[in-house]
Every structure is written in C-alpha cells, then in structure tokens.
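Read through the structures below before going on.
In the two complexes below, subunit A is the common chain; its partner is subunit B in one and subunit C in the other.
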Partner chain A sequence: MNSVAALCLNIPDIKRCIQTEEDRTVTVRTLLLLSLWSCRSSSPGGAFGYVHSAADTWGVALAVRLPFIRSLRKNMAGLELLSDQGYRLDGRKAAELRKVQARMGVFAQADGSAYLEQGNTKALAVVYGPHEIRGSRSRALHDRAVINCQYSMATFSTAERKRRPHGDRKSTEMSLHLKQTFEAAVMTQLYPRSQIDIYVKILQSDGGNYSVCVNAATLAVIDAGIPMRDYVCACTVGFVDETPLADLCYAEESGGVSSLALALLPRGGQIALLQMDARLHQDHLEALIEAAMTACKGVSKVLDEVVRQHLQEVSSLTGE
Partner chain B sequence: MATVKVSEAEKVYILHGIRDDLRVDGRGCEDYRHMEIETDVVSNTDGSAKVSLGHTAVLVGVKADIGKPRPMVPDEGYLEFFVDCSANATPEFEGRGGDELGTELSNTLYKVFDNKHSVDLKSLCISAGEHCWVLYVDVLLLQCDGNLYDAISVAVKAALFNTKIPRVHISADEEGTKEIELSDDPYDCMRLNVENVPCVVTLCKVGHRHVVDATLQEKACSVASLIISVTHKGTVTCMRKTGGGSLDPESIFEMTEAGKRVGKALHAPLMTLLQEEESLGKKRLKVGFLG
Partner chain C sequence: MKDTPLSNCERDFLLQAIEEKKRLDGRQTYDYRKIKITFGTDYGCCFVDLGKTRVMAQVSCELIAPKENRPNEGIMFFNIELSPMASPAFEQGRQSELSVKLNRQLERCLRNSKCIDTESLCVVSGEKVWQIRVDVHMLNHDGNLMDAASIAAITALCHFRRPDVGIQGDEVTVYSPEEREPIPLSIYHMPISVSFSFFQQGTYLLVDPCEREERVMDGLLMIAMNKHREICSIQSSGGIMLLKDQVMRCSKIASVKVSEITELVGKALENDKKVRKAGGRCGFAESLPQERITALKMDKTPVEMMDVTERANDIVQKAGVPPQTVASPVVPVPGLGQVGQGLQNTWGLEEDEEVEEEESDISGEEQEGKVTQMEEEKYEKEESRGDVVEISDSEEEEVVILHPETPNKAKNTGFSSHQKGAASSKKGQKK
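Moving on to the complex of A and B:
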C-alpha cells in the first residue's frame, strides 16, 4: 500500500500511469484512492490537504469515469473478490470457512502442543506451564497466573523471505493481542504466582494469522490440561459489496478489504478480542460482527471435534 | 531443550552400558535413533523438509532469490544459512535467548558448505557478475532432544534435494540491456545436484568410547564431542571439536574413522529414501504435522 500512497502524492506520475496504462493494477488502485480523496475534499479539514487541489480537478474528471472504473474493477481478475454469482477468489461462498485440520500433542517435550491448518495458513502452538515465574519475580501476580505469549513467523513462511522471525513491531503487537485473548479465557486465578507460556509459530502464512494462532493456541492450552472458561475461537471477516466474507485469505486481506478480527468464547457469546483497522460505515458493523461470531462458532465445532477425537485416541491407548 | 539432570548412579549405568556397546535405549554405539523425513511440507518455499530424529524435530525451508554475485566469484551463486531457535523448542530460547545457539549452528553450516564440491555453485549463476541465485536455507528448530547438527544437516540435504529453482531466460534488447524472465510453468525448473552434499556426524566421547547420535542423557555424561561432515564418498569437509573437555589425538583419529564409516552408511539410505519419495509424485500422501 505504501508504494501506492507514494504514487498518489505524485500527480504527474499518476497522469502518466493512467495515460499509458502500463500497470493496470496500479492505475485502478490510484484512481480509486483519488476518487476517495475527492469525496473527502468536500468536507472541511481533511487530512490530506496538500493533495486536495490536484485531486479535486481529477475528482471531477473521475466522477464521470467512475462507472467505467467500477466495471473495470469487476473485470480485473485480481480484484474481483466476490463474483456476481457469489463466489470468492478461491471458490468459497461468502460465509464459508477454509478447511480446518488440526492435531493435538504434536511434541512430546512440551506440556501442551498443537498444530493447526486453516486453508494454507499453518501454525504450531506450544504451551509450557503453569510453572514458577522465570526471570524477575516482580512480575508475579499474587492472585493469578501471568500469561506470557510469543508470536513468531518462520523466515520462509511468507512469499517474500522475512529477515527476522520475531521481535519486529508487528509480531510484538500480535503477541500482546494473543496475551489479551488468553487472559480472558484461561482460568488464571487457579494458579497464583505462576506463569503460563504460550508460543505460536506461523509456518506458512496465507491470511488470518491472528485467528489461526488463537485457534492453535486454544488446542495447545487444552492439551496442556489448563482449565479454560471455554474454547477461544477466532476468525477474520471482511466486507465486500455489502457482504461480509468469513475467514479471509491473503489475497483478500491484501486486496484492500476492511477486515475485522474477532476472538469469541462461543458458549457465552463473549468477545475476547475485537480489532478493526479499516474504515467501515457504522451501519455495517453489526452485520460484520454477527458474521464473525457465526464463523467463530463454526470454528469451535471443528475444534471440539478435534479435542474429542484426541481424547478418544489417548484413552484407547492408555486403556481407560 | 528439556534440561536433563543425570545422577551419578545413572551416569555410571550409561557409561558401563556404552563400554559394552549397549546403550540405554538398546542401540549399539554407532546406531542412529529412528529418523523420519518428509519433503515438500511448506508450499511457500522452493524446497522444504521436515526431519525428526528421536524427539528432535527440525524444519528447513529453502527460498531461491535473485541477487548479485560476490565480487570475488562473479560466476557463482551462493547459499545463506539461518538457524532460528524458536521458543517452541524450549522457553529458554524466548526473545533473544536462542540467538547464540542459532549463530553457532549457522556458522557450522557455512563451514560445512565452504568448499567447491558440496553444491555446484556455478549452476546458480544467471549472468556472470550481474545476477545469480541466492539460496536462503532457513532452519527452524522445533524440538531439541540432542544431536541437532546431524538432524539439521540431513534436513538441509533433503530440502536442497527438494528445491526447485525456476528456469530463467535472459533476453537482451537493442540497447544491450538484459532482461531476466522467469518461467511461468511451475514444472519448468532446475534441480540441484545434492549427491556431494555432506552430512554431519556428531561423535560424543563417553568414557573410553564414542557414540553416534547421543541423547541428552548421554550428552550429559560426555565431556567433548567431534563434529565431522562427511560426503557420500567418505570425504571429510569439516571437522570441529565442541564441548568443554579435551580429546587426545589418538581418539580423534579413531572418531574420524568411525565418523567416515557412519557418514557413508547414512548417505545411501537417505538418497534412496528421497528418490523413492520423489518418484511417488502426486500420489504421495502428504502428512506434515498432521500424522
């Protein structure tokens, strides 16, 4: 998006781009952004003051061309997120989840571990604890356990190689979100002055990293035998053409959809985490949250099945 | 790495067992534990492999990128190694805790591959002095149960075997500027010759004898170990001594001979296994972590 934003500020560049139409994607994206700005410029005190004058003149021209742009957008293979028949890029219906496959107890050394695939996004979660506080004792809480999360991505998990597996801003933020989510779900008051470590690793990333991590970590916490109020299930939903799309893949996430991530404790319908970074009209928010909650409940069914199957396997092995 | 504490009595038990060529888990001194290998597990990479050796689990992903050749060798590509000791393996690796071990492991990998015969680097050259393939070999430690070096080297070899580098076509226009075009066909790719890629054999000196593929308990009884990287012909490409204790020259000689023997014996079944898996093609059932 940065390159697009940079392009937008340079109006002659855009003109050239539109005239030659060298790169259709860039052209359309900039056009759309400009049309947005031109709408904004009518309201006083807009944030992009210095582009307004240029965008205004372009905006007039664009208003005429807008239907053309819309049709162009529909025709663009990469941008048509929802077809007229109601199918998405990967052939799913709007409310359909990707295939969720999971396994608990992947590793013997950890207290709890789980592997979860949601479409092409794959995550490994490992839980250590509850154990004594490591490092400085001052972090200990006298009435409940401290939850310690680390989110990291394998350097080869994304299409472009990552230089660092963890420690950048995005993963620190993600760790914090995971911590918040699990503080709401794990019955921490049962383990005062102790610590529970939850480590998640994305092995392959294809959108919905946060939700896949939460789902994998839930299974790992259950595998570790740590009591929780309920399963925590998470899902990302996007909003395209007045329709909420459940469980976004990378192509949809990066396609400029306003997306919302939600972690739910399905039985009570409590929301453990809600996050949205994009613009969305307030009227649509309720429908979007509703869709996210339905999707989370779908995930919880799958997780429940995985847990039951795992228990059955383990109990048949131990002969109970 | 689950920390193990071994009592004096246990140490004596392990030492006496090894003296009689019978280890705690029933193996002889030159036997490996059960090893599982699966290639092509991460579809975002150009080549990947997952290896588990006992409880040690390693995932290797290889990504091919176009870069600039090193000025000293303009007609060769190069390999970059990175070892990520993730907190998944042990809580001690959280934050920057795993960096030290990771650097040590990746430096050893650089040394193991620092010779002309391991990988044909000339085949990675696209246009001399301008463009070459850089293979980023990223190792991810998922679980540590001793003998990391051997597991990593086997996984690296398997992942390099699995690596598919897209073919490139270079076209020059009138002005002489070259343009690189990548092939669109995913089956139009170049494979690496991994025949000469060495495998690492770690020999742990326990008492008066040495063992291959030591578990954490056995490692706790040993004072020093020798890391030897051996090719399929038995050529040694790198040798390092690790651990706090010392080794006398005579035992180093003995251990090198044993390492060469074990290394040669390790390569043959590994290559047949990889080729067998490859020949299955699309019929192969992918298990990954779900199995």
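Moving on to the complex of A and C:
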C-alpha cells in the first residue's frame, strides 16, 4: 500500500500537464497499469484502493470510462475469477456445479466400487467389507464396525509429478476426514466387531479433491450394499466478491479464495464435516454455508439418479 | 503406554453433570480456563498455561534457498510435538492420529490465513530466504491442546526477533544481535482457535473442554478467528452431525472469546517488553513461583456446598448397621486355620444367588439398604456354614472340607458373571 500512496501524489502534477480528455484517459490508464504492476503481489484490495482515490480526484465520469477497473477482481494468476456478467473461468455461473459422470460396480473383486468424475477431477473408490478385523484384534469395537479409510493421489494426478502419493500429512489428514464423514453416515451398529475398508484414489486432480472423494465413496458404499443413513454429498464452495462460487476448480482454489468443504446428509440437513481455509469475514459465513448446502443437495440428486440407473441396468441384466 | 480407560460410572457422571449444566471445575458452559502467558529468556520462546494444560512454543529462523515456484517468499514451518511427558497416551516417535490432526490444524490456521508477511522474509530473491520454524511442545495434557498450541504459536511469533541482514551486492551478511538490533516479524493479524465440544449427539456444547470432558465428548468443532472477526479456519472432527445454526452460534461465541484472548496476549507482550526494557530478569525460571517455606498457595477448589448437611444426615440415617467383622484367624475345624479372609464383595453381582437364598431363609425384614442387608445375611450364613472357607479366588480351586455329619456345599465366590453362572449351576447340581 505504500507504493500506491506514492503514486497518488503525482496526480495533481500530471493533471496540470494534460489538456485534452484523451490525454487524461491515457495517463490514468498508464497510472493504473503502473499501480497494478506494483501491487501485483498484494491482494486485489490494494489496487482497488488506488482506483477509488483516482476517481475522487478526477470525478466519477472517468471511472466509468476506464475498463480496467472491472478487471481488478484478479487473483495472482491474473485471471478473472468472476466476470461482471457472472461467468467464471470455465464459463459456469456462480452456483453451477461441474458435470458429474459416474459409474458403479467398476471392479469385480471388490465388494463395492465406483468411479466418479466431477468436471476434470476423477476419483475411484473401492469398498471392502464388512469383514473381520484384520491386524490387531484390540482395535475391534464391541458394538459397531470400524471404518478404515485410505486416501491417495496417483502420482500423475497433478500438474507436477507427486513425489509421495500417500503417507504424508495431507493424505493422512484427508483419510481421517473421510473416516469421520463415513462413521457418521454408515450404520455401523449393524456390524459389531467388523471392519469396513474404503479406499479412494484420485486419478486426476482439478480442485475439490475431498468432495469428489466423498461422492465417489458414497456410491461405492451403496454398491457394496452397506446400509447408510442417507447419501453423503460433499461440495467445495468459495467466496469471491460477495458471491459464493459452488464447486471450485483448481485455478479458483489456488487463487487464495476462501474455500469451504462441506459434507452433508441432504435429507436431515446434517453436516458431517465442515472445513474452511483462508480468511472469511464472519458475516459471510452463513451465506457460504447456505450455498454449500444447496450445492450438496444438487449433488445428491445426481447421485440418486446414478444409483437408480445402475439398479435398473443390473436388474434388467439379471432378468428381473 | 496405553492410557487407562475411562470407567462407565465416570463417563455417566460426566454426562449427567453436563446435562445439568455443571462442569467438573465449576466453570460455566462458555468459560475458558485461566490463561497464563510467560516468555523465556530468548526472543520467540513462549509458555502458555490453559488451566493445567501447558505448552511451549519456540520460534527459530534459518537462511535457506526458497521453493522453486515461490522464489521471493519466505517459508513457514510448523511442528507440534506430542511429548510423552504430557500424557501417558502419547508415544515417543510415533506419529499418531492426534499428532497429524493437530499439526494440520495449526498449519491451516496460521499458514493459509497468511498471518505473516512472507515476502518480507525474502533476502535475495530466488537464492536466500528466511525459514521461520515454529516448534510447539506439549508439556502437560489436560484438554484442549489445539487452543493452547495456537495461542502459544502466535504469541511466540509476535515475540520473535530475527537477525538483521545486510546486502552488499552479492554478499549477504547476517548481523548478530550484538551488532544490530534484531527485527520483529511483520504480522498482519493474530488467528486464535477456539474449540467447542459436543455431547449427546450435539445437544450440549462446551467451550474449552478439559481432559475428562474430551474423553466423553462426541465431537469437536474448532474455529480459528482473529479479532477483526475474520474466520481463518473451521474444522469439525469426530463423528458428530452439526446443524447450520449450531455452527453460526459457535462462530458468534468464538468471536467474543477471541477478542478477549487477543487482549490478553497483547497485554502479556506489553508486559514483557517493559520488563526487558527495564532490564529486569525474565525467563522461564523467573515465572515459576518461588519455593519458600512461608509461601503456601493453594488454589480454591469450587465445591458445591448447598444442601450438604441435609444430604449427609439422610445418608447417615438410612445407612444400616455396618457388617460384623469376622475374627481372624478363622478356625473352622481343629487343625485348619485361615487368616485374612477379607470382606465380602460388594459388587452386588451375586444378587440373583442371594435373592434365591433370601426368599428361602428370611422373611419380613426391612429392606432399607438392600446390599448391606444381603451382606449381613451372607455373613450370617457364612458363620453358620463355617465349614467352607475360601483360600483363593480361583474358580478352579474348590475347597471342600468333608465332615462326617455336616452336608458339604462347595461354594465359589467368583467376581465375574460367567463365574457366577457357573457357581449357580453348580449350586443347582449340589442341591
């Protein structure tokens, strides 16, 4: 902000040198460019502050004339996260989800499996169980089943080759979150002293990793025939410009946008997992959670459709 | 070392108390424990006491090469150590689930919220940047490690001073603290985390759970905010289902608590600055209370004393006669003696057995304290049936003393239910 203040001081001097309106426009444009260049590393708010002072000095009319003001909603990559027409980087509207395509029963060996694509993020989920506890018997719970989750990313899933697909802190944390989510949803009281394994692998990562994993795992658990209280649907939402964006992609996530990942059981509106990073003012929290819940309900409709279709296919094949 | 499991009666007691809006240490639902912040002798060392939970944070810095994709930003590294001295449940070296969870939460709380200006840590772009490392050690675990760790980490970062650097062309000189005054880090805001624990499927909520409350809780919600009411991180853990209004309520409570704690941290930093300027002695050793014979300090334990006398009188009146003790050594048969039989077990597990015998033996006695009553009867029977004595508690060993006249009844006093079943079945056989 210090560099911005320095530039502001030059305006009165420049004003004197400018005779025509065209000169004025050009000069302010240059000044804006300069300010943006100097503020390139700070948050977009910094550049905005300068424009306000320029408008004050020169009158509101100028602000209208300059197209650069609108493009100040930029992230570090310099791309618009939300244009004024309301379109995002990939052409979606703010509350629009990415295209969901899913398949159940992908593998024959596993009890349940599913493959889910949400936009460009692709995940595979496999469920084994319920079966006897493997390993230490001491982990067995006398009244319910133990859910064991493992999350891993394929080494080719990200733009740069991942050196450690699993075992690092982020993957362990993600596995813990998945376990927590499904412990809330799966009716584990029906299978005491047994274990249910859920393995999820991300084949291509383009934002919303956790949400896609949860959705894929839900389908896999349903495919395995394990009873659940409700569909578990998850969605990642971000907050840009007072607008919640549903289902973030990688470019939006890495742009420093405050993102909220929510896993929801749609019928009761119960939140199984809530996770938020980056700064967000408290007043916007409610709107963001609302948007996330709406998006999750949308996802649940899609998943329901997939399950019914799969059931139809399977039953037609077996001739029922 | 495995932690001692929580007994069912303790769990029930805690849950019952929470339902009645009472906490073990007399706090209200939304109260924090007493927070005490002290600093070590070096800059960047901070101790935080949250009630009895004690953590220590130390900040250190080092010049290293930056990451390739961010050549002009410094690096922040956070590490939480769950030292075995904090709790018997923590094991040395193993990265347990709790350790991963705490580490990731602290990282998200402090790094993703960008509380520190990492660009000011750059010395030579692309070649040398400062790496700021925050190590948090748990010294005593009495619940709510996350909050204590976040307070300690951010206070230590505010307290820390890094050495000054001078760049002459290509050469970088790091000045020692004696040559040039070290510079504090540029901190934008102070994120502080507040933990909420949920009980009975989300019906009851407590702020700042102590260790016992943590054991019986269903789940935990951690909200990290700064005093400008910006939420830096939210994380729900445990298998609880939350509702949206619960989350909103928690965020409102958190904003209040965070402003209080931020004030406290500010005051502590101010005090420390004053003391250091005045040349006073500061450090860990100074902050401990002096060991003097005349200094006796005992914290007041909050105990509810409202209707103690009435209750005590009630209990005394209703209590029956204490059981008669058998003289020892017991000499049932000439030539056979036993010392130290011990009292009758009061577990009440053999009530079924006792009930059968009671009905056959006794009639029309007042049943005030049923257990004491049965104890007495059992003792009477034992005295009359003095031919059977227990030498050991083992189920396999039956001590049967054969007399020519008296009938023999083998008796087992086992302590487990299946032993009781076996005993009653044996009884059935003998009868």
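Here is the rule we go by: the second predicted complex is superposed on the first by the 241 of 320 C-alpha atoms of A that agree within 3 Å, B and C clash if a C-alpha of one lies under 4 Å from a C-alpha of the other, contacts with A are read in each partner's own complex, and residues count from 1 in each chain.
Methods note: contacts are C-beta pairs under 8 Å (C-beta built on N, C-alpha and C of every residue); 3 or more make two chains touch, one makes a residue touch a chain.
Treat the numbers as computed from the prediction; the structure is a model and nothing was measured.
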Exercise for review: Using the superposition on subunit A, decide if subunit B and subunit C clash or fit.
Suggested key: fit
Check your understanding: Between subunit B (first) and subunit C (second), which, if any, makes contact with A:98: first, second, both or neither?
Key -> neither
Check your understanding: Touching A:204, do we find subunit B (first), subunit C (second), both, or neither?
Key -> first
Practice item. Would you sort A:115 into first (subunit B), second (subunit C), both or neither based on which partner it touches? Key: first
Review point. Between subunit B (first) and subunit C (second), which does A:88 come into contact with in this model arrangement: first, second, both, or neither?
Key: neither
Check your understanding: By how many Å are the closest C-alpha atoms of subunit B and subunit C apart after the superposition?
Key -> 14
**Study point:** Contact residues of subunit A, present in both the subunit B and the subunit C interface
**Key:** none
Review point. If you look only at subunit A, which of its residues touch subunit B in the complex?
Key: 101-103, 106-110, 113, 115, 117, 120, 122, 124, 126, 128, 134, 148, 150, 152, 154-159, 161, 165, 167, 197, 199, 201, 203-206
**Study point:** Residues of subunit A touching subunit C in the complex
**Key:** 41, 169-170, 172-173, 176, 180, 183-184, 256, 260, 265, 268-283, 285-286, 289-290, 293
Study note, to complete from the structure: So, in the complex, the side of subunit C touching subunit A is made of residues 72, 95, 97, 100-101, 103-104, 108, 112-114, 119, 221, 225-226, 229-244, 247-248, 251-252, 255
Check your understanding: Which bits of subunit B are touching subunit A when the two form their complex?
Key -> 2, 42-45, 48, 55, 57, 59, 61-63, 65, 82, 84, 86-88, 90-91, 94-96, 136, 138, 140, 142-145, 288-291
